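Paired with chain B in one complex and with chain C in the other, chain A is shared by the two complexes that follow.
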Partner chain A sequence: MLKAENVTLAYGRTPVVHDVTLEITPGGVGLIGESGSGKTTLARAFLGLLKPVKGVILYGGRPLTDLRAFRREVQPVFQAESLDPRMRVGRSIAEARPAMPVASLMEAVGLDPALAGRRPHELSGGQRQRVVIARALAVEPRLLILDEPTSALDVTVQARILELLAGLETERLLITHNLAVVSRLCRTSHVLFAGRVVESGPTAELLARPMHPYTRALREAVPELGGSPPAATGAEPVTAATGCAYRLRCPLAVPACEERPEPVAIGDRRVACHRATEL
Partner chain B sequence: MIEVSDLEVRYGTHVAASVPALTVRPGECVAIVGESGSGKSSTLMALLGLAEASGNVTICGVDVLRAGPRELRRLRGSKAALVMQSPQAALPPTTRLGAFMRRALKLHGVRASMEEAMRAVLLDPALLRRYPHEISGGQAQRFAIALAIALGAEVILADEPTSALDVTVQAEVIAVLQRLRAERDLAVLMVSHDLALVSTIADRIVVMKDGQVVGTLTHPYTRQELEAVFGAQG
Partner chain C sequence: MRRLGAFLLALIVLASLAAPWLAPYPEDAVDPLSSLLPPSPEHWFGTDQAGRDIFSRVLYGGQTSLLIAIAVLGSSALVGVALGMTAGYAGGWLRDVIMRVTDIFLAFPALLLSVALAVVLDPTVTTVIVAIAATWWPWYARLSMSVAASVSTRPYVDAARCLGVPAPLIVVRHVLPNSLTPVLVQLSLDAGGVILTAAALSYLGLGAQDPIAEWGLMVEQGQSLISTNWWVVTFPGLAIVLTAFAFNVLGEGLRNALDPRRTVIK
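On to the complex of A and B.
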């Protein structure tokens, strides 16, 4: 329903997202990538908050113009969403004009309705995040754009919220560092590195058999319960300005990588790496 | 070295956390895990004298709950460092990293090589010329640790130090902490909701629920006791 076509995004004159084509398809879409890779920037463009310097954002096949209906249908749940510090959280939720009672909404996201009378600073970070989710769900949106919705939450609360999100009809674009979360909630995933999509495909396959070396590094760095510390390379997390941006960290880099790899289709995967077919 | 006994953290009359005993010796890493609102962060704040609390807290020889504001500021600025989830937000936006570190060193009368501290956390010293918004989250995290080392910190208290980072960068930050523990006998107390992560590095795991310590696990952990932590949280 929402699609970025060859979108380039910039702050001032510095482009941070380059020529990205990405469609929010049914079944949930995951956006994974390192800190600073442009995930939030792309999310802001999908919300109509940032205009592409190149390319277009299409909503139902048409360029984003009438933002009014759109604003209700597409709801953000952001990392650092700031709730009004003076407003009791129950009122914050009620202000969004929910279709169901505030107490049921709070229960739905695992919040004790007794907390409705508290102000944001009287709640833990995780509880605040749940208020933000309750507020976004209040208007029964068609699409949720979630930026690290559960990263501040502990595993059990996380599980309850994932359960909740998984049971919703609402389409979603989910930005996260957590691979377990995308595998649970997103049929399709895209891996962003230095502002470019380096790998896309069905989530289960992409995580089981990553084709891009960065996707592989991501998967291998996930700590295992009771295992050994995640392997570190000791390398500066730098990105190359020319050629493949990952080449300064890539264990497979060859001289050809000084040339930028174009994304190519391999089965139902798209991968931007000169050596993808060898993996 | 951190020693805690009979700690009670309060917001007004509400007891947010109560910790009967907790010790972190030099070179050790102890993790506090628990669901959101279980009192982890409140405990950490109280240890640095940043929350109303009673009981006994000794950090690097300073009696935290009875120390004056000047002594506390000295402790927080040099011997004990706090590393937050998003250290970028705590850096003055219009000051270059190098100027910020130089000022901190001068304030505490410490002579140390800034370049060496940067290299110790695998950061290019050239980054000292950058402004906070010109570095990534992972770099900011390691800069906070570099600053702590330059100031001669013996203890690091970290609140979700890697939860804003992707797992590849998290692995690098954790590796730096591990090396500093081994090489400099740094004591690390870390609050985290990531049980899998802490199970790979912590000597002990303190489990909190509803403001109470409901269990302490000691390395090596069995799969069974780790899985039971999820049960205790549920």
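On to the complex of A and C.
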């Protein structure tokens, strides 16, 4: 329903997302990557909040021009801290549709309607996140763009919010660095590194058998109960300005990586790595 | 401390408003034989060069000085915040145009611009208000533009945009309430400065004129006497300092009251 076609995004003159083609398909789509990889920037473009400097965002096969109709159909779910600190949460939920009964929306996301008169700081993190979800659902959207919706929550609250999100019938694009969350909510995933999609494919397969060294590093960085913590490099992550952006960190880098790899299809996966077939 | 500030400001305002009943002498009652008398039971704050009772003139002067301060700050904030909010939220060319106009006003020394405006207009209290407000609003425009630009990038503003809330409503509902605190604090800090600037204009013959009682004018008229007749300048000066202090404490109180994180669950 929503597609980025050869999209390049920039802040000022600094491009942060390069030539990305990505479609939001049914079953949930995950966008995985470290901080600064361009996930949120891409989400802002999908929400119509940022115009591409190159390429186009298509909605229903047509370029995104009539934002009025689009606004009601695609809604963001930001982090729990995304509520106006001065506005009572009931008013935040009812902002788009004042006539909508707030109580039923609050009940639908597992909130006590009596909390409607409170301000965000008077609620717990989990309650705030539910308010954010209720606000997005108020306009009955077709697609939710979830930007790190559980990253500021503790694990037990996170589990309850995931349960709530998994139960929604709305389509979703989930932006996260948490592989466990993406494996639960998304059928398809894309891995973003330095503003480029380096690997795409069915989530279960992509996480079980990563074909890009960066995806593999992400997978190995997940701490396991009883296991040893991931090895620290002792240096800030670096990206290469030319060729494969990951090559300065890649244990498999070869001279060919000085040329930028184009994404190639391998089965139902797409991987941008010269050594993808070896992994 | 906050209550002391509110109490002081209330006292100053009430005393100024009740001047016709509280003042023991008319503000402009000249008595050459009583010139420059020190404080005494007859003249609590002494008398000035023309033999006028300084206590009475301080009470009446509050009306003029507070009127100037409130009118200047109110109109400057209204214009400056409206332009600053528009520039900060809209960004792009509109922000550039508004900010360049603001920069032009800021490039002139404030007092010089006030003097130039006051020369063109008649020397009255209204002239003082217009002249000072014309140089004061750019500061509020610049301050509120920078705060509004920052608030406009917050996720709750993005969320409102995504809900299709019209831009003017987003500014009124989200950007303005979350940008006002520094403006209110600045307003409270500026009150003393406005009164002193009004005094400077009056001294130059471009604002309130004798025999109108105005604190700044009284300070300017008495400054050459500070080593010989200290009371002439001290009491109106104290009135300015106390008023500025009361406004500052009130600003701090407002800042706290407007911080939603300081409210408690009822």
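In this section, the second predicted complex is superposed on the first by the 256 of 279 C-alpha atoms of A that agree within 3 Å, B and C clash if a C-alpha of one lies under 4 Å from a C-alpha of the other, contacts with A are read in each partner's own complex, and residues count from 1 in each chain.
Note that in this section a contact is a pair of C-beta atoms (placed from the backbone, for glycine too) under 8 Å apart; a residue touches a chain by one contact, two chains touch by 3 or more.
No experiment lies behind these values; they were computed from the predicted model shown.
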Chain A as common anchor, with chain B and chain C clashing or fitting: fit
Chain B versus chain C as contact partner of A:62, first or second or both or neither: neither
Chain C, chain A and chain B - angle at the middle CA centre, rounded to the nearest 10 degrees: 60
Broader residue contact with chain A after superposition on the shared chain, chain B or chain C: B
First, second, both or neither for A:217, with chain B first and chain C second: first
Contacts of A:13 with chain B and chain C, given as first, second, both or neither: neither
Chain B and chain C, minimum CA distance [Å, superposed model]: 7
Contact residues of chain A, present in both the chain B and the chain C interface: none
In the complex, chain B residues that touch chain A: 33-38, 41, 85, 122-124, 136-139, 160, 163-172, 174-175, 178, 193-197, 199-201, 221-223, 226-227, 230, 233-234
Chain A residues within the chain C interface of the complex: 44, 47-49, 67-68, 71-72, 74-76, 78-79, 81-87, 92, 95-96, 118-119, 121-122, 132, 135-136, 138-139
Residue numbers on chain A that touch chain B, as the complex places them: 32-36, 123-127, 148, 151-158, 177, 179, 214, 217-218, 221-238
Footprint of chain A on chain C - complex, ascending: 154-156, 158-165, 173-174, 177-178, 260-261, 263, 265
